[in-house]
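Presented below is the structure to which this report refers.
Order of writing sets the labels: A, B, C, D, E and F. Residues in every chain begin at 1.
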Amino acid sequence: MQHLSIFPILIPLLFGAIMLLPPISRDINSQRIASVVGTLFLLISSAVLLYTVNSEGVQLYALGGWQAPFGIALVADKVSSLMVLLTAFLAFAVMLYAVAGQDKGGAYFHPLFMFQIMGINGAFLTGDIFNLFVFFEVLLIASYALLIHAGGKQKTQATMHYVILNLVGSSLFLFGLGILYGTLGTLNMADMAIKVGQLEGETATLAKTGALLLLVVFGLKAAMLPMHFWLPKTYASATAPVAALFAIMTKVGVYSIFRVYTVLFGEHAGELANIATPWLWPLALLTITIGAIGVFASPSIKTLSANLVIVSSGSLLACAAINSEEATSAALYYMVHSTLASAALFLIADIMARQRGKAEDRFVRSRPFVQPKLLGFAFAISALALVGMPPLSGFVGKIMILQATQSSTQTMWVWPLILLGSLAALITFSRAGTTLFWRHNGTAAAEAEPAKKLEIAGVALLLLASPVLVIFGGDMTTFTQQAASYLHDIHASAYQLLPGAAQ
Amino acid sequence: MTAALPALTLFLVLSHAGDIFQGERFQAAVPWIPAIGLELAFRLDGLALLFAILILGIGLLVILYARYYLSAQDSIGKFYAYLMLFMFAMLGVVLSDNLIQLWFFWELTSISSFLLISFWGHKTDARKGARMALTITGAGGLALLAGLLILGNTVGSFSLQDVLDSGDLIKASANYPIIVVLVLLGAFTKSAQFPFHFWLPNAMAAPTPVSAYLHSATMVKAGIFLMARFYPALANTDLWFLIVSLTGLATFLVGAYIALFQHDLKGLLANSTISHLGLITLLLGMGTDLAAVAAIFHIINHATFKASLFMAAGIIDHESGSRDMRQLNGLWKYMPYTATLAMVASASMAGVPLMNGFLSKEMFFTETLHQASLGSLSWFIPVLATLGGVFAVAYSTRFIHDVFFNGEPINLPKTPHEPPRYMRVPVEILVGLCLLVGIFPSLVVGDLLFAAAGATLNGPAPTYSLAIWHGFNFPLLMSVIALIGGLYMYHNRSHLFKFQAQFPTSDPKMVFEGVIQYLVNKASRIISMTENGSLQRYIFCVLALSVVMTASSLMKLNTTAGQRPEIPLDALSITCAILLCISALATVIWHRRRVVALLTLSVVGLIVSLAFAQFSAPDLALTQLSVEVVTVILLILALFFLPQKTPKESSPRRVVRDLGLASLIGGVIGTICYALMTRPLDTISTFFTENSKTGGGGTNIVNVILVDFRGFDTLGEITVLGIAALGIYKLIARMRLYMPSSDDNGLAWSEDRHPILLAVISQSLLPLALLVSAYIFLRGHNMPGGGFIAGLITSVAIIQQYVAHGVEWIKTRIKLDYQIMIGSGIGIATLSGLGSWVFGHTFLSSWFDYFYLPVIGKFELASAMVFDLGVYLTVVGATMLILANLGQLTTSERPIQKEHD
Amino acid sequence: MPFYLEIIICVSLLIGGVFLLVGSYGLVRLPDLYMRLHSPTKASTLGITGVLLASMIFQSHLKGFLSIQELLITLFLLITAPVAANMIAKTALHQRTQPVEKTKNPELIDIVRDRESPKQSQHEE
Amino acid sequence: MMLFPMPFHSVLLFVVWLLLNNSVSAGHMVLAAFFAITIPWLVSGMRDEHPKILKPWLAIRYVLMVMKDIVTANVEVALLIVGPIKKLQPGFVAVPINISSDLGITILASTVSLTPGTVSAEVSKDKAWLYIHALHLDNEVELIESIKQRYEAPIKEIFGC
Amino acid sequence: MLSWTILIVAVCICAALILNLWRLMKGPTVSDRILALDTMYINAIALILLYGIYVKSALYFEAAVLIAMLGFVSTAALCKYLLRGDIIE
Amino acid sequence: MEGLYAFCVGLLTACGIFLALRGRSFSVVIGLTLLSYAVNLFLFASGRLKLNAAAVLGESEQYSDPLPQALVLTAIVIGFAMTAFAVILAMRARADLGNDHVDGTLPVSPADTAQQSGGKP
């Protein structure tokens, strides 16, 4: 399939547009069917894409027939197609959950969801830095709109903060892009990677400022300290499917950091080699720290999951700072794992909150659940995965990250933080679990609604991923290692993508 | 049913026993996740066999026992599931031949034990006890992981066999102390070694079968197993000896001491377990091969007598309703058979001859005597060991005397009686074993012990004799002292109890919870300090970080100006710059008078457009102008619903701080901007200039870039616009706004809703504006213009109608569904891109050609125009969806709810 | 460029420039809003017409054919300037902006604001 | 009429299109005609009923006259502005009008604004009075008379109301 | 000659713009400021056309048309706001 | 000219950021608008300034860099969409939270505290 690599962008885009048109726009049920079908298509095409990339190598897609570096090119390599498949899987599972009823409570949930996916996939696939900006904006604006889904004061306020911070971030993004274009004269990331190496002297200094501004922007998306403040409230206030979908959002920032600071400003960048590391390193560690503290302080599951997202971001950023193939491989595995696990937890938190009456998902004594066994099982699985305890995928990612630290200084900092972070999560989860499931008064609330079948199916899909990631951990890690070595190999990740590039 | 699986497994394991006794070792490995060193690797050697037999054998007995122990309300299925899970995990630990896999199962034991301890989760004790156990063992597990990873990295392999074979390498490595400490942390926490011992008594909130199984025979032994397993790799150094044996000694004494003062039967047993675990640890720490043998032997013995004692305690609890030794008295009368069994087991615990406990304790005493690692202080160890023995005898005696004799029961909830037949069977078997081992040691466990010891030492086991009688020697003397001293101590226990009562008792549970709560509070304080909910602070952080990052690298810029010649200044530009700067500053100064700020902002926008025009960007000028107007209209709309003035609320200090940051960033950005502009640049843009006409079919290069070279950006851009409109619609749909009845001066609004002149003129302007927008649209490809600007012009023209005539008037006259416009706009743009697929080109490949028609002449058709039409429709649809819906907010008729609820 | 064309262009440009300046000068100089309203609506309209005329001639010469696009701008301005002035006047009246004291018929102001008819109000008096 | 719901606008649009494109080529004629038909057709719904121009030639004469007045007005006003301000005698004037259509009133008001020294400030609710502000009010009655004669009368005649 | 004239006219327009700005800053009423902005739009049109003559290009014409059209809309909207608060009602 | 241009960009940035740091949604929106002007000018300048060089074939002898112009166009549109959303969100926040403070809660102003602590005579 010649056009395979653009499917992950076009499918959600077309489905989103069609859902704005009659007759589908008039009826929620047909929108639901369209959404599920759309995400299923997306899942299939993403899987085929990954398979194709794995068997045939990188898929380049020159939009409009204009070859890079002049036109915009999509680059489906192992890294991006993995992320796209992850997004598709997440989207499908979350959509199953959403169509059970959470999509009500506001207009346009389905088209917005589709556009959000489109933005995320676009950001993963694009090989052009300005196009990356555009897709960032697509996913951001869709996320703004989804955040306010189903209304409420907290949502409004959290959205306000999120929107304005990101507007500032977008401005910085453009400043950074302007500087990079003004020094490199090109926008294609592969072309930039090649040209960066030739920069010297003051032009290089200028380019560095631009690169660092981009780091701030990506750091903001990835919730890097001190720019993580927006995350807990934003995620905790979002409607469950939205929060679950947001689990991938910080990963977009992390992914961009990997793309930009390993390919563009990696080993080969001459004077600008590894410019992000001195900043990423301390900030990543501090992010893990504040995330772990946040985990410890969390009063409710949603906040807990949000803080876990921060911890995972910090861990991924630490991998980016280590800047080695092993670290990147670890990050890729961990990214897949933590995205799905935290998404599942957001959904479970929602089901729980709906069954506990006023107590919602807070760690206080309350009425018992309507479906204690089901929820307990789901909760336990997601908790184990997120804490990083065997037999679920968290431990693999954790060990990979630990193993990726190379110098003893790195080990000295990363290991205690990651392990203590796990301990904080373990303690909080055990406190949470025992309180939520065993500290009861009264009987199950009459108005509490049990989880619907589709909701369970969505959660189950997400949870199932975790053991699968362990069982097929060997294949999975082989894949991430290949993907990582591709990313770190400038000849593969830059020179090969430019038909006319001088070697 | 449940028992079938363990029984089968036990059978399988035992079927290999013969070979193992011959010194064989079974190993099997399948690769799993090589990236983390994990492979599916199992080994069955003497040590593994010993533990497997313990786990499966006692497991079977516990399954049988639990069948009678649990009440009808308890879900026995759940219990068995957890138990099987635990059994599986334990087997995994002992059979692992890979470090990571070992840890994998190690953590599984923590999890399954958490589930078992909290089986009665409705009880506070159970929840807290389980949490504590999980926290301690979990923390230890993490330390263990770190230790194993370093160990594996040091050896270069995660295969257990490789590790065991590289003892010298490990001990020579600089990492050795770290490895030892981390691995031992894992072991000590699991085996409840001092100072981590406190979780074990609190884990007694679990059902008794769990205690019997986990907290005597198996889980707590996992830590011991770990030390035994890594014995060849890590032991036999001074560091090992110091840490392990001293910890073991301390645990041995502390456990024994505390056990004596427990009133709860299970509490006594738990602390006695701690003490015995300490004993084994002490043995493992000593570093001699014989000590290791003694340790292994005691593992077997402790498992048998302690499991039976727990079961007996469970029977007592079950049949009398209490475990409090102050209530329980004289049960001999009610359950003599059980009492007998318990007495035998206790005797073993106390180390009475003819019992298995005696044998291993003798070996223990022997080893303490041969210990010289503490130099001249080595005599301490046998003395303290004997003291521990005294306490052991004392609490064993208490267990028997205080429960089965010592008067009549007090206020028992139930009248005690013998348990059901089959509930006793497991106890009988275990007690029988105690005796059998005690009397015929080498016959019963000789082979097993020998194989296990060999496996532990990763070599041949030393020579030892498993005899009941070794003649009169020091160990025997120590045993005698312990027995007599223990009985004496028990007899005079009231003094001791009084002595103990002076000390304030502290419930470790409360302390632990208190510590956790303290940490949680601290954490909450930190979080609420950092995430204080102030957006301004968040923005400040982002900006401060970016300024620190950029400024730090900008410092290295020696000269700001580059080589590129600058354009000379002219009066016009200076005037415009003055206008721009003054207006911008005025906007800042007057930002609290909102309407005025809006006016000055408009000036800024106007000048920016002029600047674009001046510097050869007519398209930008046009776009900026039209966007500017729509933005201002939007802001005016917003002004009505927002307060019209801003109160003054920033403190001078904050103003200065913000001014500082703002000017710093402004300075940085200005500097970079200047530095960039004055340096030459080699760009890819010549390609666009060369291919615009030939490849894109248009002379307006910017537009060709927008709809062709980088049409994908534009597709994204209109999607953003469309999404924004949808989002805004969502925002508006549930908005309930304040509508001021007067302006900020308190003046009532004018009554003239639609000024006549404005209304009439607007109607005339509309067709003209549409024509202009058609013009701009059509010429866009070749001249400044295009779908976006055309769309905005159309929108502004329609908005003008709204302003002049109001929503109601428009509603009756115009039937446009803006949502459909957005959808079809995005759809058309996408489809125009998909069209190229038909011709085998990539998405958004453009097509254009020149045609000739009579009369009309030559004209161009291009797919880019279809794309641009999509842009146009989206822009109009989005802008109008926003503004028209916003306008409807104040009309008497609320917006039609398109919600799906 | 032929000299006569250049002259015409220069003259119209100068007229335009001067009138624009005068219009803006009046905006600064005149004492009250109602009077200021006159200067941009008129002086500036003529000023812009001058510049437009010059531009028209110049562009026609440049392109070699009659370029009268600029008439469109004139058309727009002629249509919109009076309405803009009217709206601003209405706003000023609504906001109780007082004219200079020497203004004739000051009693009309309240009537104008309320859009009453003068005789009617006189009757009521 | 179905084809040209707004004949005046159609003509205007046709001309303006050619103006915009600076071309009278056949292709642009066709396009101009196309827009002259489609745009009025599109927006005809968005209109109140307005009187038709009954006397187009008079209308053209009126436009030319106003043009001339605009030039004089501008010169006059310019002189007033740069001249001594103290001598200026501003004032409000109520002009009675008896044009019934909104379009007529608007045209009158616009004309007044564009011509010597006067700005239309307001139209009374009953549309019987046009309030104007004069920059220099010598003779109120004369001003009213000149407005009525010079502008109101032809407008009434053009639209026949 | 033309270039000199352009210079003079440019100075005139610059001066006019500065005067507009002065009125915009001075006020005193919001109506004054709106009037100043409206006049500024007209001067900006003149400026663009003059620039077009200066650089001998017709590319800037549309910008002038747009200012003429859109400037009015924003003036009208601002006035409507001051009159009625809600500009689309 | 470049210096003047850069100065203006810097000033706009500073003004925008200062306003974005104020507490009220309207000020923030105005500030972000100013900031986006600065951003657009900056991005535009990354292609270097050229006079009389519009990127339209046949209209000038040399052409300014068209690529940043196209980028700025995209940025303007996106900025517009974002600003629009932010404006309406500000209104929604006022409706939901009762005030227009970006934090949704009114800070205790120094004046108020002074009044409270200063005590009444």
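Odds and ends about this structure:
Just so we're on the same page, contacts are C-beta pairs under 8 Å (C-beta built on N, C-alpha and C of every residue); 3 or more make two chains touch, one makes a residue touch a chain.
Molecules present, by chain and UniProt name: A = Monovalent cation/H+ antiporter subunit D; B = Monovalent cation/H+ antiporter subunit A; C = Na+/H+ antiporter subunit G; D = Monovalent cation/H+ antiporter subunit E; E = Monovalent cation/H+ antiporter subunit F; F = Na+/H+ antiporter subunit C.
Just so it is clear, the model here is predicted, and its values are computed rather than measured.
Shared contact partners of chain A and chain B, listed by label, are F. The minimum number of touch steps separating chain B from chain E is 1. Least step count on the touch graph, chain B to chain D: 1. Placing every chain at the mean of its C-alpha atoms, the farthest one from chain B is found to be D.
Mean C-alpha position of chain A lies 28 Å from that of chain F. Distance between chain centres (mean CA atoms), chain D to chain E: 22 Å. One inter-chain figure worth recording: chain A and chain C are separated by 58 Å, centre to centre, where each centre is the mean of the chain's CA atoms.
Chain B and chain F have Cα centroids separated by 39 Å. Each of the following residues of chain B touches two or more other chains: 533, 535, 539, 543, 598, 614, 618, 637, 639, 669, 676-677, 681, 683-685, 688, 709-710, 713, 716-717, 720, 723-724, 727, 731, 750, 752, 755, 757-758, 761, 764-765, 768, 772, 783-784, 886. For chain C, the set of residues that touch two or more other chains comprises 23, 25, 37, 39, 45, 63, 67, 69, 72, 75-76, 79-80, 82-83, 86-87, 90, 94-95, 115. Of all residues in chain A, those touching 2 or more other chains are 130, 134, 137, 141, 144-145, 148, 160-161, 164, 168, 175, 178-179, 181-182, 187, listed in ascending order.
Here the chains touching each other pair up as A-B, A-F, B-C, B-D, B-E, B-F, C-D, C-E, E-F. The touching residues of chain D, when paired with chain B in their complex, are 6, 9, 12-13, 16-17, 20-21, 25-27, 30-31, 35, 39-40, 42-43, 45-48, 50, 102-103, 105-106, 109-110, 120, 123, 127.
Per the touch definition, chain F reaches chain A in the complex via residues 16, 20, 25, 28, 32, 35-36, 38-40, 42-43, 45-48, 67-68, 71, 74-75, 78-79, 81-83, 85-86, 89-90, 92-93, 96-97, 102-104.
If you check the complex, the residues on chain D that touch chain C are 16, 19-20, 22, 70-71, 73-75, 77-78, 80-82, 85, 88-94, 109-114, 117, 119-126, 128-129, 131, 133, 135, 137, 140.
In the complex of the two chains, the chain E residues touching chain B come out as 10-11, 13-14, 17-18, 21, 24-25, 27, 30, 33-34, 37, 40-41, 44, 47-48, 51, 59-60, 62-63, 65-67, 69-71, 73-74, 76-78, 80-89. Of all the residues in chain B, the ones that touch chain D in their complex are 756-757, 759-761, 763-764, 766-768, 770-772, 774-775, 778, 801, 810, 813-814, 855-859.
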